[in-house]
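Following this message is one structure expressed as structure tokens.
For clarity, chains are labelled A, B, C, D, E, F and G in written order, and residue numbers in each chain start from 1.
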Amino acid sequence: MSEIIIYTVITLSALGAVAAVVLFFIAKKFKVYEDPRIDQVEELLPAANCGGCGFPGCRAFAEAMVKADDISEFNCPVGGNDTMAAIATALGKELQEKEPQIAVIRCNGTPEHRKRTTKYEGASSCSVAHNLYTGETNCAYGCLSEGDCVVVCDFDAIYMDEATGLPVVKDNCVACGACITACPRNIIELRNRGKKERRIFISCINKDKGAPAKKACSVACIGCGKCVKECPFDAITLENNLAYIDYEKCKLCRKCVPVCPTNAIHELNFPPRKAKPAAPKAEKETTAPKADAADNKPKQDNNSTN
Amino acid sequence: MIEHDGIIVSSSPTKAKVRILNQSACISCQMKGNCNLSDMKEKFIDVKTMGKTYAENDKVTIIGTETMGFKALFYGYMLPFLILLFTVILLTLLKIPELTVGLIGLSTLIPYYIGLKLFHKKIENKFSFYLKNR
Amino acid sequence: MSQLKNFSKGFIKDNAVFVQLLGLCPTLAVTSSAENGLGMGLATTFVLVMANIVVSLVKNQIPDKVRIPSFIVIIASFVTIVDLSMAGFLPTLHASLGIFIPLIVVNCLVLGRAEAFASKNNIGSSAIDGLGMGLGFAFALTLLGAVRELLGAGSIFGLDIPIFPVTDKGAPITMLIFVLAPGAFIVLGYLIAIINQLKKS
Amino acid sequence: MEIFAIVISAILVNNIVLMQFLGICPFMGVSKKLSTAVGMTGAVTFVMVLATIVTYLIQTYVLEPLSIGYLQTISFILVIAAFVQMVEIVLKKVSPPLYQALGVFLPLITTNCAIMGVALLTIQNSYNLMEGIIFAISSAIGFGIAIILFAGIREHLDLMGVPKGMRGTPIALVAAGILAMAFMGFSGLV
Amino acid sequence: MNRLLTVSPSPHVKGHDSVRSIMYGVVISLIPALGVAVYFFGLDALKLTLIAVIASVIFEWLIHKFILKERPASAFDGSAIITGMLLAFNVPSNLPVWMLVVGALVAVGVGKMSFGGLGKNIFNPALVGRVFMLISWPVEMTTWPANRFHLTDGYTGATPLGMIKEGIGNGKTVSELMDQVPTALDFFVGNMSGSLGEISALAILIGGIYMLMRKIITWHAPISIFGTVFIFSAIMHTINPEMYPAPLFHLLTGGLFIGAIYMATDMVTSPMTGKGQIIFGVGIGVITMLIRYWGAYPEGVSFAILIMNATVPIINRYTKPQRFGEEVNNG
Amino acid sequence: MAKRESTFGNMVITLFAVTFIASATLGGIYELTKEPIRRALQAKKEASIKKVLPEFDKMKSFKVLYEEAGDSLEFNEAYLNGEHIGTAIETYTDNGFSGRFKIMVGFLPDGTINNTAVLEHKETPGLGDKMDASKSDFSDQFKGLEPTKPNLTVKKDGGKVDAITAATITSRAFCDAIERANKALETKGGTK
Amino acid sequence: MLKTFKIGGVHPEENKLSAGAAIEQLPLPDTVSIPVAQHIGAPAKVLVKRNDKVKVGTIIAESGGFVSANIHSSVSGVVQKIDNVYDASGYRRQAVIIKVEGDEWEESIDQSTDVKKEITLSQKEIIDQVNAMGVVGLGGATFPTHVKLMVPDGKKAEVLLINGVECEPYLTADHRLMLEKGHEMMIGIRILMKALGIVKAAIGIENNKPDAIKTLQKISVEYPGIDIVSLKVKYPQGGEKQLIKAVINREVPSGKLPIEVGAVVQNVGTAFAVYEAVQKSKPLIERIVTVTGKSVSKPSNLLVRIGTPVSKLIEAAGGLPDDTGKVVSGGPMMGKALNDLEAPVTKGTSGVLIFADKEAHRKAYDACIRCGKCITACPMGLEPFLLMSYAEQQMWKEAEDDKIMDCIECGSCSFTCPSYRPLLDYIRLGKSNVSQIIRSRKQ
């Protein structure tokens, strides 16, 4: 039955030859050269497919990075610097170190600080409430406490503190920015994580003049400008009755914190101040000791919550 | 309306070449990066830019109309299919042997595609996309 | 990557069926019993291992542009080998797996591994990779087959498991649907859900 | 009547996706767009018929006369891979805009399994050429019905918000299972 | 005043309908059918119904509480009761209890809760349960006990549809077979064998009218189903009266009534607009008759409804309501 | 990695080489497995013939055209010591629940049924597949029967056959297949 | 068969508790705060400063654009400050706060109560006068009336529809106005007709106000060209597109204005305000406000100076009941819940509605059961359940394609939903996002 083998060989070889020709053209026309480095880079990525990088999925991001000459503009918020560094080495490309960032909540309107004046009962969505009115308090800028930011976080990095009615960002925030887009009041901001997770920022975005602001919320920034004067590094600016600390310039010296008459400036993860219990912030420090679960000032109190 | 995300590869005032990331059935398949069997992962689309220039690596969305898609489908697949089917049925009814029927049927595609090539210009005018920044 | 890790990743973490959702057609079609599942799984494993070995052997001899057709030929040859040997030595299993044996050729798992792994690694690793992935696939098919067989026929690998009431004549009253088409979809759906859950915790 | 039986069987009773489990990958990955699903059906029909004709001819006029039927698998896969891609190349060559429009409109058809399956079934059921073609068309329609229904279901599921654990493939599989269950009502139709 | 004012978006008043009132309305409307079932099949009917209802409610509660981990309130909103009742109404009165419990688990667990619970499912849960049972246990699901008043030979154990299908399959003619099946009046009041709740068109009709009056359902789906079945069977009957029984027979037998009035009207799984519901109903009618005439099953309503359930998203997409100012008719 | 260039020549040569080796191997394997496959098929058929007929030592197979269907059935005449001891007929029916199935029916020279065996079927597992002797005793009732009309009709239709529960369709079809074999046997001229 | 619109609509309980209460003048408050944004369109620009003295009718803020309106002082006194105060919008917005001193009116205003019948001004003068007197629509949308009177080129007004429907439950201000100021209103309508250059007008009134229908029918013989059309009770018949459909059976195309079908719609109160503005040169400084609610001891219809704090109105109606849970400015279907009872009455305030705590709350909502009742209820033929899902999932494109912008925010959908879904809450959110998108696309 060797003729079967002969037929086999003839047929298949003929097919093979035909296929070779056809596929040669295919290969020529559809050059789908897949850079093997794409796979490597994809391996390095966290595979969260969150879109935080601005690409539809990790692989697309990997492709873009492999193709780009300069990857310093790219950033995977989930993987962070380590990942980006690894990718940079893998690709032999330059990488500009990105300060790791984290979301902060610029509102401290807990019920003690900000009297509830009404009770909101619409759809439980900040956007809906924001569309409707100032919210349950008289502050037209502050957090509405319906948790739109919590819903959109893919990383379970933000939760609503029942007691304060304010969201709390946990350390595992990857700075993807989803909550920032979700918040109708633009309360959330990304800031550098700072040395040892230390951060200082104005925990208020109320642009009203001092009196109504203060009336609505006892810890509102009243735009008095004391901190601006105090800051040795010119990191603080004042605009529309509201101070803002530039995190690039801020050296975390903590000088501004005690001068604020309304305690609107927040310091996070600093060791407790020595002596001088008179410093306004100290009171807070004691009511929210680092050791136990967040209470008064819990929303930035990452360490204690996880 | 069909929308497709893509990235500009090159751009001139009249035309831009856009690489589209293929959202094929394989989008959910994790092996897609390695599977070449019949899936081309990228396509390059020429789009009229209407005077706008785009920078390389710009993320854009390609927009076409659904009717255009169906038209393309018709010319690309359905019409040759109908011709083929018609030929095969006709020849079968004429009691022509199967082998001949099959071969003739397949070979109707050759003149069809030659025809398509001849109408190249006409077709080109029918299918054009435009771009939107993402 | 250590060889062990290389081998084991195909089992749960990267399981072809449960995680990567590859080759769902044979998975659904042939798993009406644990035996069929295992048979198909092993057949695929064989093809996978052999193809991986051969591909990694010849990888440097093959120009890029005919890589895929060459791989296809190699894979198809092994599939044919499996097909022929099964027909010769395991005729009943061969009959119940039907056209899904030749369809191993188009299982993206096989080509995918050849492309992604074997064409870049040495023979040893390639063989182990193929074995890991293949056994993971076989494991998934067997599990699915076992669940379906248990619910649908009251047995696993043909061994009666008395979980169902029996008729007067002693035959168990099983849930037929599980050995039929809908059962395949439903059981696989829930298995994937459960495995997702397990992976999370 | 025979032809009628083939059609009903391939579309309803032995629906290629729901009962024969061919082409599950594209079925699971279908886009939410109905128009895309319809378009895909059209393209699949053409490709399936083409593949069926070619493989039928190879089988009947090459492999069988030479009694090398065992080369079925290898020759079918080569022929299908080459032929299907050839159509695309030709299309790209003769009319780039058309080709591009299709590229944007259709997600590429990775239905190797269904195409190969239909080719094999045509041989297995010993259909003649005409029957094979009709079987291929009907199978494609069966595929189309399944993915068109699923395009709608997918969109519905996305909008309604399925429980986290079931989201994605699991619920799609369960829905497919229920649909398969419903299609069992057609059994005995032919 | 020291209470805080409530602030909410308009409207500030709410109509009377609630999910609960609708669901319990359906439960009430099912009572006549339950009564008929008990009358003809004895306390078995009541027992099965209670078991199915309790099982459905408990499964829903458990799944809510332990798997979905949500507020488990929805178990008691009445929808699970309907699912349980309709499930029981669709089985023979001598079905082993454990099968019914498994059926309820499938109905609620697979058919409803996997999709997220009330409102999110695509397929009618009771029918998912029923078809699951039918395919799993074809013997038990298709051996009907004779009802208490029909002990004469010809009628036992088979539904009229089953008998006709069987007979025609054996080459008998309709007129020969018609002697063996009960009269139209029997069909109407429910004096025949069949599933628990489907037998009496009269009782179901009463329930249906009650629901129509309370605006729980609309006429579109049921009427279009009846109409399609009527026309379809009238045509076939005219073509060959010896192969295809008269329209009235098809209307009154099998699950057509319960299907059309209770299952095709389930708001969750049927189209939203009247137009859509008519298309839905016509589809159900056609598929039902296809299966009844030419399929292996004597009855096809359940399958038909499930298949059409799958088409609902598409129907909805193409049957948008008439928009105000869309087709301007300024006469 | 010193990969080969993708020149046209290289490509053709490579592919040719690959297919050449593949085809040679396959041819070899085919030769190797041909015998086992043939034997397996043969064994299957023989097993079923053995099952439906008494001991025999010689067999003659031929096809017989069965006029009514325009189709041929395969007859296997068995001989023991040269004496014709029965005929095993491979018959089929299209009335199965899922279409055609094939069975083997053994007739003794006197025309009675010796036994039956299922060759190939798509009937529902758990229901129709009970016609297989290994799954239920349904097929036992045909042993030694005269292939008369009532003997080949299910009880429901007034005959004597106990149908498989919930699978009357399969049962009827089974009878139909036997009947077909019987008719063929009779028309062939009662080779007894 | 009584006329009504065809698709959608609901029947909330009417609760017209104050229907029998004659209009009373509310005493002057101590201070008023008059917001500068009381109308649709650009806010007015403040003309006064602190300590300026003003009289009743003194212009204190000037129209800020074409679609805008003048604002006049409603009291005499001294401007205390210009500050942000809460108004019905729920946000603090700019207002002129005036301390009341006496009740001194601008001389130009004719304070007499006699009915002045003949219309002496020309078409153009009427429009100018309406503009100068700051008349805006009093039916709720507060659209500057003079804009509506200037029919765009190429369009032609054929019929003036007067909206006396008052389909909102509880509210009776328009009802009382029609009963008590019939003649003035009719003259106002004649003025409007002259301004528009048309001879046909119709007043649409739901037949739950038979006395108003009868009264107006009786006097309408004196005013040629004005029909009284009684309509079947159905909410939201007062929506202008619905009213046009009901009375003249024309459908305003999607996204278009009534003038497209030759109609102009004005509220009865607007007609009265136009009368006063044109015949008496009296700016829009007061309006009728219904103060009502099941727990209110004395449901009333009050004639109130613009800028009076809502709390004063409540006092006049018997004081704020102890169990008050919610106070709404406007009707129960479309009104806005107030977060501050010191919010001033504005030109758009048609009622103050007080809900006891037990009526004030919404129930928790569940998943949509796809009953389609919201579709049946929607007078615009929309699919509220779908629009809500789109808004929840931020699918703005789909929302736009499904005509979210056609929603008139009538609330029938939320009212009817058996699952208590906050449909309109989300649709509003969707509308604001989609309209932003549309606007950005136009640029």
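Basically, a contact is a pair of C-beta atoms (placed from the backbone, for glycine too) under 8 Å apart; a residue touches a chain by one contact, two chains touch by 3 or more.
The structure presented is a predicted model; accordingly, all values stated were derived computationally and were not measured.
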Starting at chain B, fewest touch steps before arriving at chain F: 2
Chain pair with the higher count of C-beta pairs in contact (E-F, D-E): D-E
Longest centre-to-centre distance from chain C, chain (CA-based): G
Mean-CA-position distance for chain E and chain C (Å): 40
Interchain centroid distance [CA atoms averaged], chain B/chain G, Å: 56
Geometric centre distance via CA averages, chain E-chain A, whole Å: 51
Residues of chain D whose C-beta touches two or more other chains: 25, 28, 68, 70-71, 74, 78, 81-82, 85, 93, 112, 160, 165-166, 169-171, 174, 178, 181, 184, 187-188
Residues of chain G touching at least two other chains: 90, 339, 361-362, 367-368, 422, 425, 428
Contacts with two or more other chains, residues of chain A listed in rising order: 4, 8, 11-12, 15-16, 19-20, 23-24, 27, 30, 39, 117-118, 121-123, 128, 131-133
Touch list for chain C against partner chain E, complex: 165, 173-178, 180, 182, 186
Contact footprint of chain C on chain F as seen in their complex: 1-7, 10-11, 14-15, 18-19, 22, 25-26, 29-30, 33, 35-37, 39-41, 43-44, 120, 124-127, 136
Chain D to chain C touching residues, read off their complex: 18-25, 28, 70-74, 76-78, 81-82, 112-113, 116-117, 120-121, 124, 165-166, 169-174, 176-178, 180-181, 184
Residue ranges of chain E touching chain A (in the complex, touch as defined): 4-9
Residues on chain C engaged by chain F in the complex (per definition of touch): 32, 58-66, 69-70, 73-74, 76-77, 80-81, 84-85, 87-89, 91, 95, 152-153, 171, 174, 176, 179-180
